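Below you'll find the structure, written out as structure tokens, and then a few comments.
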Amino acid sequence: MADMKTAAYICKGCGIGERVDTAQMAKIATKEGKMHLVREHDFLCSAAGVQLIRDDIDKEGVTHAVIAACSRRAKTEAFYFPSAAVARANIREGVIWARPDTAEARETTQEMADDYLRMGCGELKKMKLPGGNPDTGHAKRLLVVGGGVSGLTAALEASKTGYQVVLVEKSGSLGGWAATLHKRMPVREPYADPQDSGMNELIAAVKGDRNIKVHTNAVIAKTDGAPGRFKVDISVESGSSVTEEVGAIVQATGFTTYDIAKLPELGGGKSANVIDQATLERLAADGAAKGQPIRRPGDGGEVNTVVFVQCAGQRDESGKHLAYCSGFCCGASVKQAMYFKDANPAINTVVIYDDLRMPGNGEDFYRSAQRKGVIFTKGKVTSVEAQGQGCEVKFRDLILDEDATIAGADLVVLATGQVPNSGVNIDIPEEEVAKMEVKPVSILNLTYRQGKDLPQLTQGFTDSHFICFPYETRRTGIYSAGPVRRPMDVAQATEDAAGATLKAIQAMENAGLGRAAHPRSGDLSYPIVQLDGCTQCKRCTVECPFGAIDEDEKRYPVFNESRCRRCGTCMGACPVRVISFENYSCDTVGAQIKAVDVPDEFSEKPRILVLACENDAYPAIDMAGMQKNCYSAFVRVIPVRCLGSVNTIWITDALNAGYDGIMMLGCKHGDDYQCHFVKGSELASVRMSKVDDTLKQLSLEAERVISHEVAITDIARVPQLINDYAAKINEIGMSPLKGFA
Amino acid sequence: MTEVVATNQTILVVGGGISGMTAALEAAECGKQVVLVEKSPTLGGRTALLYRYFPKLCHPICGLEINLRRIKANRNIRVLTLAEVSAISGKRGDYSATVKIAPRYVNENCTACGDCAGAVAAEVPNPYNYGLDKMKAAYLPHAMAYPQRYVLDASVIGTADADKAKAACKYGAIDLEMREETITIKAGAVIWATGWQPYDAAKIQPYGYDRFANVITSLEFERLADPHGPTGGKILRPSDGKEAKNIAFIQCAGSRDENHLRHCSRICCMASLKQTQYVKEAWGEAAKSTVYYIDIRAIDRFEDFYQKVQRDPSVSFLKSKVAKVTQDKSGDVILHGVDTEGYHRYANAHDMAVLAIGMQPSVAGVDIPAEIVADSSGFIESSAAESGFFGAGCATNALDVNRAVQSSTAAALRAIQVINKVARAEA
Amino acid sequence: MGDLNTQMLDKYRNNFLREVEEKVDDGDWVKMCMQCGVCAGSCTFGPDWEHTPQKIFMMIRAGKREEVLTSHSMWLCTSCYNCMVRCPRKLPITHIMHGLASYAHRLGLAPKNQPTRDFSMIFWENCTKTGRVNELKMTISVYFREGFVSGIKKMWTLRNIGRGLFFAKRLNPLELFVSHGCKDKDGLRRALKKADEIEARRRGYAVQPRGYSS
Amino acid sequence: MAKREYAFYPGCSSQLRGSAANYLVSVESMCEKLDVKMTQIPDWNCCGASISYAGSSELARHVLSARNFALSDKHLPGQDIVATCAACWLGGRETIEKLDASSQLLADTNEALKEAGLQYKPGTEIRHMVEVLVEDLGYEELGKPVVKPLDGVKVAGYVGCQTNRPFGIAGESFENPMYLDKLIDTVGGESIAKYEEKVSCCGGSLAFCEPEKAEKQIKNIVESAYDHGADVICTPCPLCQANVEVYQSEINRKQGTKLNMPVVYYSQLLSVAYGGTLKEAGLDGHIIQPKKLQDIAVKVVKK
């Protein structure tokens, strides 16, 4: 590290100068921190202050700088020095704002400030300036899987943006479900009548686009690689296979309609005149082609009465059918009822619904149907039975609160739901798959260590778990769009396809530049592994939430950096600590832990290490400081990328160094997890359950290491947790291990 | 004078809520230059003022933290706050926008130390808590505010308070000479993400929002539940600070109503279902929520959340559009109406009534460029092929956050298409 | 008038909604109701209603012709217009209630001795006789509609009010003899007769004899 | 030459010897002070009111209103029609609205009117007296003629239904219209802003046929006024006035209450405040005597 030149900058602004002795801190930086250059400044984030640092970097050759001032969350732009490694010691939010401004508090506050500076110096010396992932791929073509309205739109949008596209459709023709529609719901004012689906134009546009290469009757045999360098084997009609190199993938594999034969109580599969919405679309289209009205499928008889049964096999709590609502079906039935009313107002058209779900301007479409004479009845259908040429519909009228019957319905349309075509559910263990009579067929056939297809969120949908980030999948560079992601109608699918396409394009560009994707967008650091030390324990390959790590034939981990999100879960998992990032490693954190000055057991000054998730827990502590919610001066907080990145060595190091307690603050896990890296906080809690053994070996109380789920809003709760824990430590006494380290 | 570098390869994003931030970020992370214009002093918009999101009950500012970190780390985005687009001329690939920037009276020297707030005496209604409390006239909008820089309220300019604030600032950050300035920004494409505002609850006269203190809007209720809010997260009713445990949620407050908003605002059903869980979280066994509804629109995957809430003994549902609200001497609100399932007349007393207030596009009332077509509800309709204008988020439709972000991501792509075309033409 | 009822029965067989749309003033609005129930909760005499407006609309759609037309409910409408101004679908509910009542009466299905129906008839006959209402005569006919004795009883119980109004110069026996009225009451009655004919023509009824048209 | 001229449609109840005879008297004295000239529409007829629906048809009711419009147009061309009765005004507004909306209804109406040698031409305006006061004159001008401010008189402004719904006075809300309160304040009285029963229904014409139900309404209206310490209830509607005043004794008789709350018209308040005598203000026309107002009326103002 000959070329390393370190510097410490201590700001005296915002009251720091008055609250703590910065001259003493400067001495510490020089003596203990061994900083080559130490400066104090009254107003470090000012133009002058920033210029001072920049000059040191340019002229003095400073390569590493620790800035002892405000929180890393503040003045981020001001303290942006891309050519130097920078550590931030949080003296403002983390020390003076979190402590009462009293004479008796002064000493411990000073100790806090001194320690944070020591920690900063320690961390700094272990940091390297991230150089960016060398494993870049430069393929800029987009693979679109599925030739329905979502896939076609994705392909066209990508082409419009200037990218080449390979489109794979398993059937013989393009258009998917949307192409089978007679008409679609209106998307602009006056939202009164069904409108042309526009699918012919869309299909023609795709076929006519030189940027788009279409494979029909084709499936994906194998997907290998990573963003920027996917190699995809496509088996085409001829039985032969072509290999395409692409940079990213949009999966728009759509849905299958729920099988109405599973709804015998509603006449499904029992009467020819009980059909689903998809079938009605075909009847309507055929009729229109022949210039004839829609007739009874059973005997081609006239339709005088038609009944629509909403939520057929949906919103089901019995577990027999679909538990969810498919969202589009209310609108679809309203549209289909209009097929009849527009052709002949005398046709009696009844929609039996529980909750009519037509958001936004759908309300206008609903009104339009009422104006056309469609009758809406709030009720629950109990049975549909064949009766003469038609059917008898029995239902509970929820408004009139009585059982009712519609006799002689010529046609009964069941509004069934969308079942996503999402391939293999990788969370179902092999042995259970073996038991299934119908084996799921993979769509992407990924060669990933963690499974062949996109992970499913719920009920088969490959949706994102994140409200703010609807396109987050756990497979970088692979985005799903349309009804395979969540149930939706044509209009939404079109929007969705455009959004997914952007993310795919972004992933290709990021991969080319060796940068991380969301949530650490632009991060140039990446996991580096010393294979010589690796014991092939496979923990990293199993635990990576993003399936970024495969295994070679010798069962060594193979890192696919452009799939990686830089959370450090692999680093936390590694028992032999051979995985690290240039600016975030076992050493950078270990150094901070070791840097803290731990007073002896008679000092009555315990030391509590807080490892806080930088996404939620750390901001919460920060904002607690901003609100001047004070907390114990005995804590030393270290932000971590994710609790998943916490390596147990840190715990043992801290305990051996004589820390009296360790708090781990991370995001909620479980079904409604809030961890930005999906599994990080959960994995951490699993690992920590094993720490008890370590504690036993060291003959320490179990309370020496605790963890809490913390939300970013816990600005009052976190200080409370800290203070309670400090009290607890006081209760169980100082650690017996002090002074042995 | 504010200097902004922008060309016809720049994307102008109007609105700094989650939709605008998303559009700006997604474009910038594709390597495009973006100018993000926000009317208020901070980014974050309306979602920053929500306590939790449905259906996960996670915290909006958690996502905001990530997005702000993305913005801080991204050099392609230029953020202008207190700025409003007053006019736009030109055509696809070559627009120039006139932007009015209101004075903040605080310059970039500000360290957010808060000394100015300590110095001023005057208080102003706090818009970030929907006026439920007051804040100092020198303020940081909220804990997540970005830019993290104080604002001196225009009302104190020219008063002694202004001078006190100036005197208190050690860093010369208070600049009382600031004036409104007007600048022109070039852009190749414009993304209109001006979001939404709550429908004026006072107009729904039968509910007496303007007459009864304990009738509040769903947005105000978010603030009551939020630890950052006026009550520190305690659900207390406005009239007397009594713990509000028995709460009525009135659906379609303004929505689906030709006397008010013709459209369905989509989010309100889920929002109320979510808020019943705030009540549960706050009071446990003692909690009692009643949802008065026409149709529960828990669309697609959200259905399971509805089913979960239905199983919650603290929540009951009544299919009825409330006819009228009165308030008795104790301050309790009385809801009058008829349960339409069967026929049951009720006059139910609650500690507080929450109006699931409708969503009104913010473009309504703002004079938007002719190129943007707005429907009769004021929502932007998908723009013509030859246009370089793209609506995003709730400016285009009544959307939940998830769909708004989706829409903004799509808008970003369409804007990039314009920019790439321009770039190819110029290359 | 019962025959009119049978005519309508076979004309519309099982489509009561269409019957209402074609025969009842503003009846074509019934289909627009979305069953929110705000009308039901807004009604002045609501608690006395056996079927709320919103429920009546649902019954019409469900073809409950008999139940609807013989219902007392519409006759309890005080014309306060609360339902109408609150209806999110802007249905002219007050008018629909009046229309239904009127139609029920025309078909002879309105409940016997429905007090409001009787009063309504008395009012109409009273005001169309001379062109202006004679409050005293009207009051008397209202009280005596169930016969002389009950009439006397009612008058007796209300005697103080009568006296009060008399001294207040707001009620005067003179009215029984010299009554207000339009000079051209015959023209007015001709016009109303014509209105009846047009109404009958439009709705396809036989013209029914009325006080002023005989 | 008066400052303002209107065609006047008093309606049946306001006729001589009618139940609202005193309303007419007070309106006349009020208008005189305000220099407003009101000319009765020659040979006007009853509007049919809302209650006539059983015997009549929608068309017949339009014919009744249209006849008045035609007469007004013929004899008092160009003058807005002013009604003092809520039902007359409402019926007229509805006819105008409907005939404007349906050319057929218009044709039918005129076909019928032809029998009386009349024709209705769209474009008629019918206004409520209150509209003339607050819109044409405005509160400021209404305050000018005040010589006897109604000091210390607490008045419950009872708007009721038909002057308020469905049309109402421009800019006022259906649930909480303020114009009566403003009128009361304008003439120096004390209004009751929080009067809950302000827009409740008195039972309307059903007071005749469903007295018990109506009395329930009336009781609330009166008792709420007492709760707020009102001296008198004030209303713009003859039917409201009659019902609320007249039935109190019945309620007392049946329920042993002691209701004795006077009920007057806004026009009486203005008339008194403008110096009108007992007679001019129609204060001699009550069963329950509005004492405080009467005292003010007989009081001599010293110049």
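Observations, loosely collected:
Letters A, B, C and D mark the chains as written, and numbering starts fresh at 1 in each.
Throughout what follows, a residue touches a chain if its C-beta (ideal position, glycine included) is under 8 Å from a C-beta of that chain, and two chains touch if they have at least 3 such contacts.
The model shown is predicted, which means the values in this text are computed figures rather than measured ones.
Taking the definition of touch as given, a chain qualifies here only if it contacts chain B and chain D alike; those chains are C. Between B-C and A-B, more C-beta contact pairs are found at A-B.
Between chain B and chain C the centroid-to-centroid distance comes to 51 Å (mean Cα coordinates, whole Å). Here the CA centre of chain A is 66 Å from the CA centre of chain D. Mean C-alpha positions place chain A and chain B at a centre distance of 23 Å. Rounded to a whole number, the gap between the C-alpha centres of chain A and chain C is 64 angstrom.
Multi-chain contact residues of chain C (touching two or more other chains): 34-35, 54-55, 82, 85-86, 89. Looking at chain B, one finds that residues 206, 256, 319, 324, 340, 343 touch two or more other chains. Touching of two or more other chains is recorded for residues 174 of chain D.
Chain pairs that touch one another: A-B, A-C, B-C, B-D, C-D. Remark: chain D residues 12-13, 15-22, 43-46, 48-60, 63-64, 67, 108-109, 111-118, 161-162, 165-166, 174, 200-201, 203-206, 208-210, 213, 217, 246, 249-250, 253, 284-287 touch chain C in the complex.
Against chain A, the residues of chain C that register as touching in their complex are 15, 17, 31-32, 34-35, 54-55, 58-59, 61-62, 89. Chain D meets chain B in the complex at residues 173-176, 196. By the touch criterion given at the top, residues 34-42, 46-47, 51-52, 54-55, 82, 85-86, 88-90 of chain C touch chain B in their complex. Residues of chain B that touch chain D in their complex: 205-206, 208, 211, 324, 326.
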